[in-house]
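Multiple structures are listed underneath, in structure tokens.
Both complexes below contain chain A, partnered by chain B and then by chain C.
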Partner chain A sequence: MLKYVLKRLAFLPLVMAGVTLLLFACLQFLSPEMRASLYVRDPRQLNQMEAIIEKYGLRKPMPVQYGRWLKQVARGDLGYSETAKMPVSEAIGAFFPATFELTLVTFFPILAVGVALGVLSAVYKDRFLDHASRFIAVTGYSLPSFVLGLALLMVFYGRLHWFPPGRYGLETDLLVHGAGFRHWTGLLTLDCLLNGRWSAFADVVKHLVLPACTLLYISVALLLRITRSSMLEELSKDYVRTARAKGLPERAVILKHALRNALIPLVTLSSRLSIGLLGGDVITETIFDFPGIGRWGVQAAQQLDIPGVLGSTLLAAGLFVLANLVADLLYAVVDPRIRVGS
Partner chain B sequence: MNCMQNAIVLAILAVPAGAAVKNPDTYTYLTIGDVDNLDPAWAYDTSSQHVIQNVYEHLLSFPGTGLRAEDLAPRIATRVPSRANGLISADGLTYRFPIRQGVKFHDGSALTPQDVRYSLLRFMLLDRAGGPSSLLLEPILGAVSTRRNGALSPDIAAQAFAAVTVEGGTVVVRLDRPFTPFLSVLASFGAVMSQSWCTANGQWDGRPETAARFNDPRREGTLGARMNGTGPFRLDRLDPVLKQITLKRHDAYWRGPARLKTILVKTVDEFATRKLMLEAGDADSIYERQSNFSQLQGLPEVRIIDDLHGLERMEVLFFTFKINPSANGNIGSGRLDGHGIPPDFFSDRDAREAFAASIDYEGFSRDVGRGRTSQSAGFLPPGLTGYDPARCPRHRFDLAEAKTRLQKAWGGKVWDKGFHAALVFNAGSIEAQALCQMLKKNIESLNPKFRLDVRMLQWSSYVEQSRQRKLPIFLGAWQADYPDAHNFAFPFLHSAGYFPTKQGFSDPAADRLIEEAVATLDETRRAALYGRLEDLAAEQTPFVPVFDGTRYRAQRSWVKGFVFKPTFPAMPYASDYYDLYKAE
Partner chain C sequence: MSLLGCALVGFFLLVAVAAPRLAPPPAGSRDPYLMPQSGYSPDPVLPSQEHRFGTTEQQYDLYYGMVWGARTAFKVALSVVGSAALVGILLGGVAGYRGGWTDELVMRLTDVILAFPDIVLAVVIVAVWGPSLLHVMGAVAFTAWPSYARLMRGDVLSVKERDFVTAARALGASDARILLRHIIPNAIYPVLIVASLSMGRTVITAAALSFLGLGEPAGYADWGQLISLSRNWIMGSAGDPFAYWHTVFIPGAAIFLFVLGWNLLGDAARDILDPRQK
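== the complex of A and B ==
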């Protein structure tokens, strides 16, 4: 297993190099003037594009330019984002924690609910629970997130005043920006707990509920459907029949035998889901006025903020590679044949 | 499941219709435009200026709706100069402002007459291109710019120092020529700053010999994110991530502390979120235009103050004559090859006329403007010298005319090759978005080789890109700085004005007419000159007035004390927060 893990880790820099090369190749479609914005660290330089083109050799052969750019990226110097009004590396640090926090509170409930409902749906095929689960799947799959988000906002905030939009309320805003509040992790729920601010913690959680529910509902649908079909397939296989014939309790047959084999496609799907969540859901973030990385990335794209787009794309690519690595490792945990094969 | 459903339904029904005042000491205003820059000598957009006017103070102010000289009230000056009180000289050229004592800046230092002098000098000598400095340069120095051939005029600093002096506790300003609206200008511009604080923050040190270094600075070389005024509120935090500005009460304010302790100005792009926050009482007022009126009408505990007439031109479409091609994705290839437009695309009059003929003015007013707007005929609003109610709008919706014009534009090359460009609007502006989409649909319907992308920018980026001349066309509005026709003619048509500097538009004939009109005392003659300027604008079409009308304000009913001040920036959405308080 260790050998397998090390091998996968060894591939990581190569994959990242490939990703950066691909991104850089895409950049070559832009004019040198637009690429020059990647080397702007101070907005005062925005009117000195010709000097920057000269300095960084933006009309030189691509490998030379790539080497230079890679060195810059390795130093964490990703240019200045006009959209965020700060250097890209700072913008990532400012926007990503909110998205990460939302992902943390959403991802595991999505997994739990999706898998549980999928298993129940398969086990109780064509019965009420199955129909109910399929209804959830169909509505979740077909309902656009802006419709669901707005509906939730109108009922649970507009009418009931339970869960407001934004990242936190007025009192928490004053608290977290006041002296004495230490930002240990950037994750506000955790920071509030570490600072012993229980009411602020409750407030932050309140603000997470609606975006989390929106993401949960629309994301759970796919997981539910895949789990259901995967479980149905496994439950019809010979080894399940054998397990039942051996007299194993049904619970063990389902959870220990069938579910374990059904998990492989779910690992792939979960990896894709985590990437999607960590990249930020722009519609959810916009509707709930949630200052996450997705909204910034899309604004950067709309405003042709090349450093911003590249920064958020690099982050997404990095997350993608990491999530794939985790998925590969999980494959090995779930299916021993994979690590033996490696 | 049923219990849960019942609980939710019961909870919905149980919510009381009225509610107690929420956060009584905090006022939250939700808008669509983030601030561009908070330096009073640099900022010239309403989003920024409304914050500036709550943090800094001027010599005078308009405390109510009136805009006449007799409506002015003293602020940092202790008296409003007039000939009657002897503070304006008989020749109308010398103004004396006795300066108030005991006024404290937010950093605790005391305001002195020298600070006032420094602030007026800095306002003039900083003079960024297209900025507000000309408002004081014109009356005091008789020049619209401090620069000649791109460099600071050698004697301009000395002239300014001679024109603004301190005599004991009085600041004396000597004008170049009589300028009737001078006092009105000082009610909105020339905010008083602390010289020592500015210097400590890397700004001009107040010496004439160093002025050139600080002339026409870039945005980042200004006090764009730091403030230290004498006003009722101080800047607590400018948060680019939450897109929020927090102002805190200045407890040592000389007029007595404001009733509100905290002001939050927050950018929320999504209308539904703004509306729900207003409904829930988490916002006290929101920025909304006519297109959303019906959705706000009848909301419980929300008060709509309708039919507010400002002194303004609401929506005007501007063409950029010299587009900046550097790193500019809005003009595609930058050539007339079917994949872009050349930087001087709109220098061709036929191209401009074609776009002007592609706007459905009536439909726009009906559908987007709630029927409360109509096509305007010129750049002058009603009530000002030169405004002619009989003047008819120059442009009308005529796609056949647009087609003919585009067939002629650039010697027929536009029609043959086609073009590709971006139409950009500022986030949250439904009017601007609708106009861009209308232009896209109508222009693209004329020839399949025409392609227009509609793109959104947040307000500060929109202002910055238009300033850098990166937008091929842009939609602008103009709210009067002071009630005079010159304050419209200059920013719309003078080569050093706010819009022409963004457009790269220059017409010596227009400049001459504007300078003649402002120096003319005879009102009939002035009106004729402004009429000629209207004709000139209609003939050349550097801009197209799209529509004008009224505005409304949506606020919680617990908000009290709102006064509609026609020249206060971003009125009626934003406010002079010192007036406001919250009570049932």
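== the complex of A and C ==
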């Protein structure tokens, strides 16, 4: 078991190397002059392009450039992100808590709603409840987040002024960046509570509502579908018939027998889901102007802020590998038939 | 439900085919996908006699954009899913059949591509190549093929152990013939189901890239771009929050219904081909 975990952990740097190599390969489509412009921060530097190309070795073959970059990373320097206007390591510290907070408030509702609706849908197959939740699933799966997001903003911000975009309002902005506000956790909701600032807490929660609802509606669909089909499969098995035949109440048959087995396929799915959320939902964060990892990553990509792209992608890719590892381990826990290594 | 899917996709297909009749391009237009522009005023205008669906920011005719945008949507969906599935089937098939280092190489490549979060890799590719619809399609296809390849590889691994493969080999068939004529046709169905199910997702992803401004320059009939043109108008005008509802609602409804149609069709395909669901 330990050997398996170590093997999977060794996989992490490999994927990261692959991810960065692929990004470097993409960059080779740009001319050395264009890549040099990424290092220009002052117009006066523009007549020294050749010197910059020389200094950063931009005409050298790709492996040499990659080696240089690796050395830089090994020194703990991830570079400076032009879109975030700060070093990459600081930018991760600034943007990740926002995404993490959004993930915390959406992941468990998604899980609860998805599983509950999926189970109800399977138990009441072909009845009204089933049709209703399948309707939710197929519309949620078909509605692009940018359409839903804009529609929600139109109604709840434009019309009702309830839930504004961004992460906090002006007053909270001054408060959290002012003296006397201690950042205990980096999660603004918790920090506001710990500092005893109730109105700021309410403000932060208000800003979370719309992105959270968008993610909930879009993501619940997949979970619901898988739960439903997995539950239907379990309910048709022999052990369920046995349980019913020995006179167990239907409630116990469903919750104690079928559900436990039906949840196994959800382990991978929900760990993937949490990673998708932690990596930042690019479109949702962009629409609601929510300063998270996803919005930063996509802004960096659009403006070819390479250190920014490398930083945000490395974070997400690392999370991805870890989540897959956790999913594999959880599998062994929930399903005794799977014994890793044997 | 699957009937509704057929009806929706059929409707959009009809619109796409009849585009030159429904919305004839203005005389002298060099590219029918370029939306006619009446004036340059930034404020969208509500539907009227002259503009059936109103105009967007910069006075692009929304009706024209919707009709020709249906063609764009089909072009994107079919070519992206088609090319990604083809590459995935071939690479996944070869990887599963050959095994060894070929398998290792292809699978590690899929690991790397799948490790990129969300649409970040596609955005990087388009940013490097330069914004255009063709590049968007290329980038989305590049990020989509690994899922097909993995599925295909798994199917090939189980099919290649079957007796008819041994029989073909005993008859002296070449590797290419065994793979293309015997294994792939028997392993392809799950991939085709997933491909039909991912048609809608693909359109959403490509539209999201257009929405971020990575597609064609302003004025191209593309639903994602039309929605991005509505972004500045969701607040409406003073005293009337829904003054510009049509800029969000019309292109939004089109994308939603188009994707919904494909998803319902994909569900139907899965129900027919996957006996476990019965």
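Keep this in mind: the second predicted complex is superposed on the first by the 262 of 342 C-alpha atoms of A that agree within 3 Å, B and C clash if a C-alpha of one lies under 4 Å from a C-alpha of the other, contacts with A are read in each partner's own complex, and residues count from 1 in each chain.
Basically, contacts are C-beta pairs under 8 Å (C-beta built on N, C-alpha and C of every residue); 3 or more make two chains touch, one makes a residue touch a chain.
Since this is a predicted model, take the numbers as computed values, not measurements.
Chemist: Between chain B and chain C, whom does A:Leu304 touch in the aligned arrangement: first, second, both, or neither?
Modeler: After superposing on A, A:Leu304 lies in contact with both chain B and chain C.
Chemist: Is A:Thr227 touching the first partner chain B, the second partner chain C, both, or neither of them?
Modeler: neither
Chemist: With the two complexes superposed on chain A, say which partner A:Asp289 touches: chain B (first), chain C (second), both, or neither.
Modeler: first
Chemist: Applying the touch criterion given at the start, work out whether A:Gln65 contacts chain B, chain C, both or neither, answering first, second, both or neither.
Modeler: Touch status of A:Gln65: no partner.
Chemist: For A:Ser270, is the partner it touches chain B (first), chain C (second), both, or none of the two (neither)?
Modeler: neither
Chemist: Just checking: does A:Tyr141 make contact with chain B only, chain C only, both, or neither of them? Give me first, second, both or neither.
Modeler: The answer is second: A:Tyr141 touches chain C but not chain B.
Chemist: Tell me the contact category for A:Leu23 with respect to chain B and chain C: first, second, both or neither.
Modeler: It touches chain C, and chain B stays clear.
Chemist: Should A:Ser133 be classified as contacting the first partner (chain B), the second (chain C), both, or neither?
Modeler: Neither partner.
Chemist: Answer with first, second, both or neither: which of chain B and chain C does A:Thr189 touch in the superposed model?
Modeler: neither
Chemist: Hey, what residues of chain A end up touching chain B and chain C alike?
Modeler: On chain A, the residues that contact chain B in one structure and chain C in the other are 150, 153-154, 157-159, 286, 302-304.
Chemist: Can you list the residues on chain C that touch chain A in the complex?
Modeler: Residues of chain C touching chain A: 1, 108-109, 111-121, 123-125, 127-129, 200, 204, 207-208, 211-214, 227, 230-231, 234-236, 241-242, 245, 248-249, 252, 255-256, 259-260, 263-264, 267, 276-277.
Chemist: Of all residues in chain B, which touch chain A in the complex?
Modeler: Residues 8, 11-12, 15, 23, 26, 28, 218-221, 237, 239-244, 246, 262, 264, 268-270, 272-273, 276-277, 279-280, 282, 325-330, 455-458, 460-461, 464, 468 of chain B touch chain A in their complex.
Chemist: Which part of chain A faces chain B closely enough to touch in the complex?
Modeler: 31, 33-34, 36-37, 42-44, 46-47, 49-50, 82-86, 94-95, 150, 153-155, 157-161, 164-167, 169-170, 173-174, 177, 286-289, 291, 299, 302-305
Chemist: Can you tell me which positions in chain A touch chain C when the two form their complex?
Modeler: On the chain A side, the touching residues are 14-15, 18-19, 21-23, 26-27, 29-30, 138-139, 141-147, 150-151, 153-154, 157-159, 229, 232-233, 275-276, 279-283, 286, 294, 297-298, 301-304, 309, 312-313, 316-317, 320-321.
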